[in-house]
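First comes the structure, then the notes that go with it.
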């Protein structure tokens, strides 16, 4: 009976032993922890690259809407508490006011050209993946058949926020660097920096005072030098 | 006492075995399944970002070939059953016809300028990673020494397909938004929308009828508003 | 003998137990190896996408510095042993000489416009993630109030190196394709290719001899056709 009991114990033991892996466990756990840690770091890196492309898409989409006076589509890209500031026209606060500002830029109509190409992004996504900042520039072709035709350029310093998994524009700040008549180059003068929008008062004066070409102004950078960090 | 000692050894052994195996195994399997699932999701996300950059490279490469009349290189970027439609010149179907169309645009030659900058991409890769669509625009500098010099812009709505691991252009549709003489701005008129290519008949009439500037036209968007989804 | 038998059983059992661990391990170990291998491949892919965006940011940053004559910031983006060659001005070797070259382009000043938009990247990161090459183009608005105003374009073929985890410019080679007066289009002539920089001798003559518009020149491509591989 002792032998029998012993056999049963031994059989149970054998069964338990062959089922599992006493020796392997600590290593496996460590391996899995290491994999999880690497996966987590990789997720963050991959998400940042995805965010870069999403923000590039977002700002480019904004540009296409602006070109064609699709103001509600453009306004919908902004966060509720976003701000907008373009040229010398002052600060507009909140999506509703931004919508009003955009509609005041005028409707799509025969003979109107209002192209704002969105170019040269420098996009930085924050480490937590919740916010981002980007520098962009726009090359403008603006005018009206029978009236004026102008070339211009503005540099943007924008901020973005991820809201419910969707990137939105949190701040759009466009600094015009030059604005000239189509038939007069930058050697002959320039159109003055637009200071107001057909009587639409801003919510606050410009946060940055500057002059466009021929004045000298360096739009502030949201980033340090990428190599020196200074 | 021997029995007692033996029992202790056996119990200790049993305890070690059951602690090692039974407890760890299901967890390990679950951990590995979870890792595999996360890895799979991450792969798809990472692939989409890679595809965004590949398609950006592809369309930019197309532009550089077009600039320099490298028509065979440009045609090789299209899928066998691709379509091409530019300005008001109608639809060309299949890579062979696209190759014919492109060659009809003329050769690289002294005094010819034919720049087509590829700008402002909005690229969306399908969830299955097999197809993609993108909006782009081109700023054109076109002309011939002693003849004409023109500025122009076209908006593209393109489709892409991944074929044997390589992205190709499945559809290229360019809508000219303005086309003007270098010495006459968009306030003084515009070059009419090109309607045919030196006698080369298309395979089908234009799929979309529209007028370039000064007419009003919004090239269709392949995407919904990225924030509202409408 | 019973004791002996029992010892044998126990030894066998002990052996089975450790064999059991070894038996279970291969599956888990194989799974972990597979996960590790996939993770490693994914890391490389994800890193390449991240590198694409980093290099896009880097070159765009260079452009913004150039616009505003921030020459030290621009020079700091180059590797110590980098080279620079623009227009027909010859080769400058090393970061110090590049810094000298850049400063010789002149300071930010009232009435000066020096925009160099960085556009249309085709970026290829090497498989080992240590180097990269890219084709870019710049659309230039250059001039001085009361003097000249010019439009121009250059195509870049650049190389990059990852140094201490940071991407730097290893080679910048800009080929001017056209350069014209603001009030004279490419049908009426062009500004000659700049051949020297106000008396600053290069370290070596141009590595590539070419003429800008109206001459014909195709800047060499660092890449094969992305579809045919030829």
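To keep things simple, chains are lettered A, B and C as they appear, and every chain counts its residues starting from 1.
Basically, contacts are C-beta pairs under 8 Å (C-beta built on N, C-alpha and C of every residue); 3 or more make two chains touch, one makes a residue touch a chain.
What you see is a predicted model, and the numbers here were worked out from it, not measured in a lab.
Enquirer: By how many degrees does chain A turn when fitted onto chain C using C-alpha atoms, rounded in steps of 5?
Expert: The rotation relating chain A to chain C comes to 120 degrees.
Enquirer: Same residues or different residues: which describes how chain B and chain C meet, taking over half shared numbers as same?
Expert: Because under half of the interface numbers appear in both copies, chain C and chain B meet with different residues.
Enquirer: List the centre-to-centre spacing of chain B and chain C in whole Å, with centres computed as mean CA coordinates.
Expert: 21
Enquirer: What is the distance in Å between the mean C-alpha positions of chain A and chain C?
Expert: Inter-chain centre distance comes to 22 Å.
Enquirer: By the touch rule stated above, which residues of chain C touch at least two different other chains?
Expert: 6, 10, 13, 17, 20-21, 24, 28, 32, 35, 39, 42, 46, 49, 52-53, 119, 139, 183
Enquirer: Could you list, by residue number, the parts of chain C that touch chain B in their complex?
Expert: Against chain B, the touching part of chain C is residues 3, 6, 10, 13-14, 17, 20-21, 24, 28, 31-32, 35, 38-39, 42, 45-46, 48-49, 52-53, 119-124, 135, 137, 139, 153, 155, 177-178, 183, 185-189, 213-216, 218, 221, 223, 225-228.
Enquirer: Considering the complex alone, what residue numbers of chain C touch chain A?
Expert: 2, 6, 9-10, 13, 16-25, 28-29, 32, 35-36, 39, 42-43, 46-47, 49-50, 52-53, 56-58, 60-61, 63-64, 67-68, 70, 73, 76-77, 108-113, 115, 117-119, 139, 141, 143-149, 166-168, 181-183
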